[in-house]
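Please find the structures below.
Note that chain A is present in both complexes that follow, paired respectively with chain B and with chain C.
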Partner chain A sequence: MVDPVSRRLIKELKDYQKEPNPDLAELSPVSDDNILIWKAVLRGEVDTPYEGGNWILRIEIPKTYPIHPPKIKFLTKICHPNISFKTGEICLDILKTAWSPAWTLQSACMAIRLLLSNPEPTSPLNCDAANLLRCGDFMGYESLVRMYTQLFAINQSSEYEGTS
Partner chain B sequence: MSESEEDMYDSYKSTDEEQELDLDEDEDEIFVEEDDTELNFTDVVAERNRKKNYEVEFNVHSVEGIVKSQDDEIIHVSNILGIQKQHAATLLRHFRWNKERLIERYMDDSGSVLKTAGVITDDSRVPKFMKVYGFVCDICCDDDNDLNTLALSCGHRFCRNCYEHYLTQKIKEEGESRRIMCMASNCNVIVDEKTIELAVSPEIHSRYRTLLNRTYVDDNEYLRWCPAPSCEYAVECHVPNTSLTRIVPTVECFCCHRFCFGCGLPDHQPSICMLVRKWVKKCEDDSETANWISAHTKECGKCHSTIEKNGGCNHMTCRKCKYEFCWVCMGPWSEHGTSWYNCNRYDEKSSQDARDQQAKSRASLERYLHYYNRFANHEQSAKLDRELYNKTEKKMEEMQQTSDLSWIEVQFLKKAVDILVQCRMTLKWTYAFAFYLVRNNQTEIFEDNQRDLEMAVEQLSELLEKPIEAEKITELKQEVLNKTVYVGSRREVLLEDTAKGLSEGRWEFQGFEELHE
Partner chain C sequence: MNPEKFPLLSPIDLEGLSYCGFITVKGQELFFQFQHEDSNLTLRNVKLYGCPNLKRLLHGHENALQQRLEQCTNFSEFFLDLKDLLEFIMISEKPEPMPTGRYYLSLLSELNSIGWEKLEILDPSLRNLTLKLSDSSSRKHSIHISIPTSYPHALLNARADIPSISMTQFQATNLKDVINYYSKEFGNFQEVWAMLDDIDLNTWVLEPDKPKRSDLMRRIALGNHCSLKIEIDVNHPRRECQYELFGTESLIVPLHIKIAKNWNNWDINLTVRRNFENILEITFPTFQTSLSSDINFDCGICYSYHFESTIPDQSCNNNKCGQSFHRVCLYSWLQAIPSTKKNFNTLIGNCPYCNDVISTTREQ
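And then the complex of A and B:
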C-alpha cells in the first residue's frame, strides 16, 4: 500500500506532467529511488533583471508532507535580498509559518518566482542587495542582479548538481 | 440694672450653666460610647484593614476560575449578538477579549467583523464527520469510499486523518490555539473548539484548552500568570500600564510568591518598574567599564588615545603620537621646565578643564559603587537570611525541648525570618531608588527612613543569630517579637512615604525625562 506522502507526490508529478508550467522548466524527483528529493528549474520573469536566467532549486520533502513544508533552496547562485548568496537559503513565510497543506510543490516554486520580482529588504539574507534597495538605488540593484544572472544563470548547464 | 433685671440675669445665667452641665453630661455619655467602641477594637481593625498607599487590590485566579471567566464572557457576548457560543468565542479571541470593542464594531458592520475574524455563522453547516461518495482528499489524495471527511462552515472538505494530523501539528508543535485556520489555501475561516474536540485525541484537546487559557491571560492587560516555577495561578490587578510611573503594583500569589504586576519581576518596592529596568541594565552590562576607564585612565591631549599610567613618573609620552604631557595637570610638558615629579600648576585653563573632567568621572563611579555595593550586600544578606530558615527550624526544635513552649509558640522565629528577608529585599531596592533620586529636602526624609529600617534590620538579624540560652528564652522571645513588629512598622513607614511621594509626584529622578513631562 502506498503511503500518503508518496501518493500525494505522485499526484503532484502527474499534474505537472499533464499540464507543464512555462515558468517552471522542470519539476521532478532527482532519482527514481528517492521520491523525497526533487529538483526544479525556475525561469526568470520577463522585464525583470532576472530575465533569461534559469535557476536550479533543490527540494527536500519531509515525511510529514504536506502537513510540514518542504525545504527549498537555490543551487544556482542568485543575487536577491531574501536569498542567501552563499547557501541558497530562502526567507519566505510560506516555507515556514504561513505554510498550508493545500500548497503544492509547484505553487511553492511559483511563490518563490514571485518573490524574485517582489523583494522584501526588511528581512534580508543578503544585506548588500537589501541595502541598495533600502537606500533607493534601484539602478544599482538591477545592474548587480543582471550581472549575477549573466554570470551564473544564463547559458549554464541545467544538469542537476546532487551536491547541496 | 434693677433687681428684677438682675434676678432675670441670674436666672438666665443659671439656666446657661445648667445647659452647660447638661452638655457636659452628654459629652461624657458620648465619650463613654467611644471608649466602649475602642474596647471592641473596631477602630484598630479598620485601621489595620485600611489599604496602604503602597498596596494595590488584586485577585488570584485558579485555572478553573479562568475557564469560568472565559465561559461567562462567551455566554454574555453570545446572548447579546445572538450567535452560537463557539462563534462568540472566536470573535472574542480575535478582539483579544475586548468585549466592548467587539460589540461596538459588530453593531456597526457585522459582516466585516465576521469576515476578518474568520467566522461564518451558517447554522445549517455544522461540522461533522461524514462519508462522501467519490470524494478525493486534496491533501493526501486518498479516494477510499470509507473515508471519513470533515468540512468547516467554509465548505472546504478534507479527510479525517489529514485534519487530525494538521490540528495536532498546529497545537502540539506550533503551540497555536487562537487562530488555527482552514487547511485550504487563502481561506481564513477559523477551526472552532467544537470541531477541534471532534477531530483530535483527548490529550491534544486538553493541550488546546491549556493554550486557550494561556492566551486568555496573555491577551488581558489586567491578568498575569504568576512567574513562580510550576505555579498555575493567574493574578488579576487593575493597574493600567500608564500608572506604572506612580505606583509599584506588588501582588502576592497563593503560592506565596510576591512579584510586581507591572513587569513580572520579584517584588521591587519602592522602586518603579522603569527605574528597576534601568538599574538592572546598568548593573548587568558593562556600562560601568566606561566609567572605570575614564576614572583610571586619561586621554592624550593631542590624539585622544586612552592612556593608563604604569609608572611613577608624571612625564608622560603618548606611544601613538609621541605627545609629551604632564599626568597631573594634563598640560604640555614643555611648559613644565624642570619640575619633574610635582606639578603645582593649578590655574591654567587647559589643566583645570582636564582635571575637572577626570574628577567628575571619578565621582560618578564612586557614587555608583556606593549604591551598588549596598544593593548587592542586601541581596547577598537576603540569600543568607533565607539559609537562616534551616537554622531557625533547628532553633525552634531546640526551644521546644529546652522550654515548655509549644510548636505554635515558637513560630515567632519563622515570622521574624520572613519579615527580615522581606525587609532586606525592600532595602536592596531603596538603593536603586536613591541612586536615581535628585537630591533635595525630600531625599533627606527618604534617607532617614532608609537608615532607620537598615538599623532595625541589622538589630533583628543579630538577634536571630544569637545562640539560645535556656534561661533567657522568654526574654529572647519578647525581644524578637518586639523587634519584628518594629522592623515591620519601619518598612511600612518607608514604603508608605515613598508610595505617597510617587502618587503626588514629589520625587524627582535624574535621567528620566519621560517622568517629568
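And then the complex of A and C:
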C-alpha cells in the first residue's frame, strides 16, 4: 500500500507528464527511491530580463504534504528582490502562510515564475536588487538582472545539477 | 576450533576460516558449508551453503539466521546457535498427513460424474478446487471447495459469492450435492442480481470498486460531486430500498424534495434504477458520458478516492466549487490553519479551493 503523500505526488507527476508545461522544462523526483525530493526547471518569461534563462529549483516535500507546503528554493543563482542571492530561499506567501492544498507542485512553481516578473520590493531578501526598484532605477535593475541571468542561467544548468 | 566438539566438521582452507561437514540435529545429519568471504573475523559477511533439507528447514527463518550471524563473535558460538535454531524449527514443524489412495480415487470419480468442463482451477496439491457454474441468466459463478485429507470420511467445505452470509458456506459429502445446492441458491438471487446488473450497466458506480456478487450496496454518481447510495433488499429486490444522498447541500436539498414528492410513485414492475430515475427526475450519467465532462470525485486534498476504506463524503457548499474531501483530510487541514474556529468537535474554516466557509466534525 502506497502512503497518501506518495499517492498524491504520483498523481501530480502523471498530470505533469500528461500535459507538459512549456514554461516548466522539468518537474520530477530527483531519484527513484525518494519521492519526497523533486527537481524543477523554470524557464524565464519572454520580454522580461529573465528571458532565455533556465533555473533549477529543489523541492523538498514534507511528510504532511499537502497540509503543509513544500520547501522550494533556487539552486541556480538568481537576482530577484524576493529571492536570497546566497541561499536561493524564496519569499512568497503561498509557500508559507497562504498555502492551501489546492496548490500543486506545478502551480507553486508557476507562482514562483510569476513572482519573477512581479517583484515585491517591500519584503526583500535581496536588498541590492530591491533598493534599485525602490529608487525607481528600472534601467539599472533590469540590466543587473539580465547580467546575472546571462552569467548563471543560460547554458549553465548542468553545473548545478547534483548539488543539494 | 575444537575438533573433539565438532567431529563431523573439517576446515577447507589454510587459514581455517571456512568449514564444511555435517551438523547433527535430532538424529538427522545435514550437510553444510560455511565460507568466509574475507579475512575479517566477524561473521557479518559469511556465506552458508547447505543440503536441500537444511535449506527447506531454514526457509522463512532468514532473519533469525542473519541476526545470529551478526551477534556471534566466533564460529563455534554460531555453530551451537545454528544447532539450537534447527532443533527449534524441527520441533515446531508438524508434517501434515498425506491423503490416502481412497481420497484420490473418490475425487477422480466425483469429477468424472460432474463433468470435467465444470472444473476451473485445481491446485497442485489436489486439496482445493474451483468449479464454475452458470445460472439461468448465464452469469458466471465460482464455487471454491476445500477437501479435508480424510475425505471421503469427512465433509467437503464449499464457499461461493452470494449475498447471504448464512448461505455462503456449505458442507457436503460429494461434488454433485454442492452443485445442486448452489444451482438452487443462485436461482433464488436472480431478481437481486438483475436489479444490480441493471445499475452496474446503466450508471457510473463509484462504490464498490469492483462489485462482487455478494455486494448489495451501490454508490451511484449523479454529477457535480453528488452521489446516491442505495442498498438492495435481498428479500424484496424490486421494492423501495434504503438510500442516502451525498454532496453539496444546495444540490442535494432539491433531490430530497423530489424524493418526498415522488416516493409513492414507486413502480414494482420497473427496475430499482428506473424507479430512482423517475423519482429524482434525472437520468444517471454513465461512466462513458461522464468521461468527457470532468466530473471529479477524488478528494481535493489527498487526490485519491479511497482513503483507509473511506470515500470523500464532505463537500464544499459553494455551488461553483462543490469540491469533495475525505473527512479525515479536511479535518487535518482545518486543524493545521490558525484561522480555523473550533466549536466542540466541529471545526469551522475555509475551503482550500474557494475560501468559502466550510465545516467538518471529527469521525464519531
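What we mean here is this: the second predicted complex is superposed on the first by the 160 of 164 C-alpha atoms of A that agree within 3 Å, B and C clash if a C-alpha of one lies under 4 Å from a C-alpha of the other, contacts with A are read in each partner's own complex, and residues count from 1 in each chain.
What we mean here is this: contacts are C-beta pairs under 8 Å (C-beta built on N, C-alpha and C of every residue); 3 or more make two chains touch, one makes a residue touch a chain.
Note that this is a predicted model, so its numbers are computed, not measured.
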Side-by-side fit of chain B and chain C on chain A, or clash
clash
Which superposed partner A:Pro4 touches (first chain B, second chain C, both, neither)
both
In the overlaid three-chain picture, which partner chain does A:Lys96 touch, first (chain B) or second (chain C), both, or neither?
neither
So in the superposed three-chain picture, is A:Ile67 touching just chain B, just chain C, both, or none of them (first/second/both/neither)?
both
Check the residue A:Ser107 against both partner chains and state whether it touches chain B (first), chain C (second), both, or neither.
first
Among the options 78-86, 150-158, 222-230 or 366-374, identify the stretch of chain B whose C-alpha atoms clash with chain C after superposing on A.
150-158
Both chain B and chain C contact which residues of chain A?
4, 7-8, 11, 64, 66-68, 100-102
Inside the complex, what are the residues of chain A that reach chain C?
4, 7-8, 11-12, 64, 66-68, 100-102
Within their complex, chain C touches chain A through residues 300-304, 307, 329, 332-333, 336, 352-353
Please give the residue numbers of chain B that touch chain A in the complex, ascending.
138-142, 161-162, 165-166, 169, 174, 181, 183-185
Can you list the chain A residues touching chain B in their complex?
4, 7-8, 10-11, 64, 66-68, 97, 100-103, 107
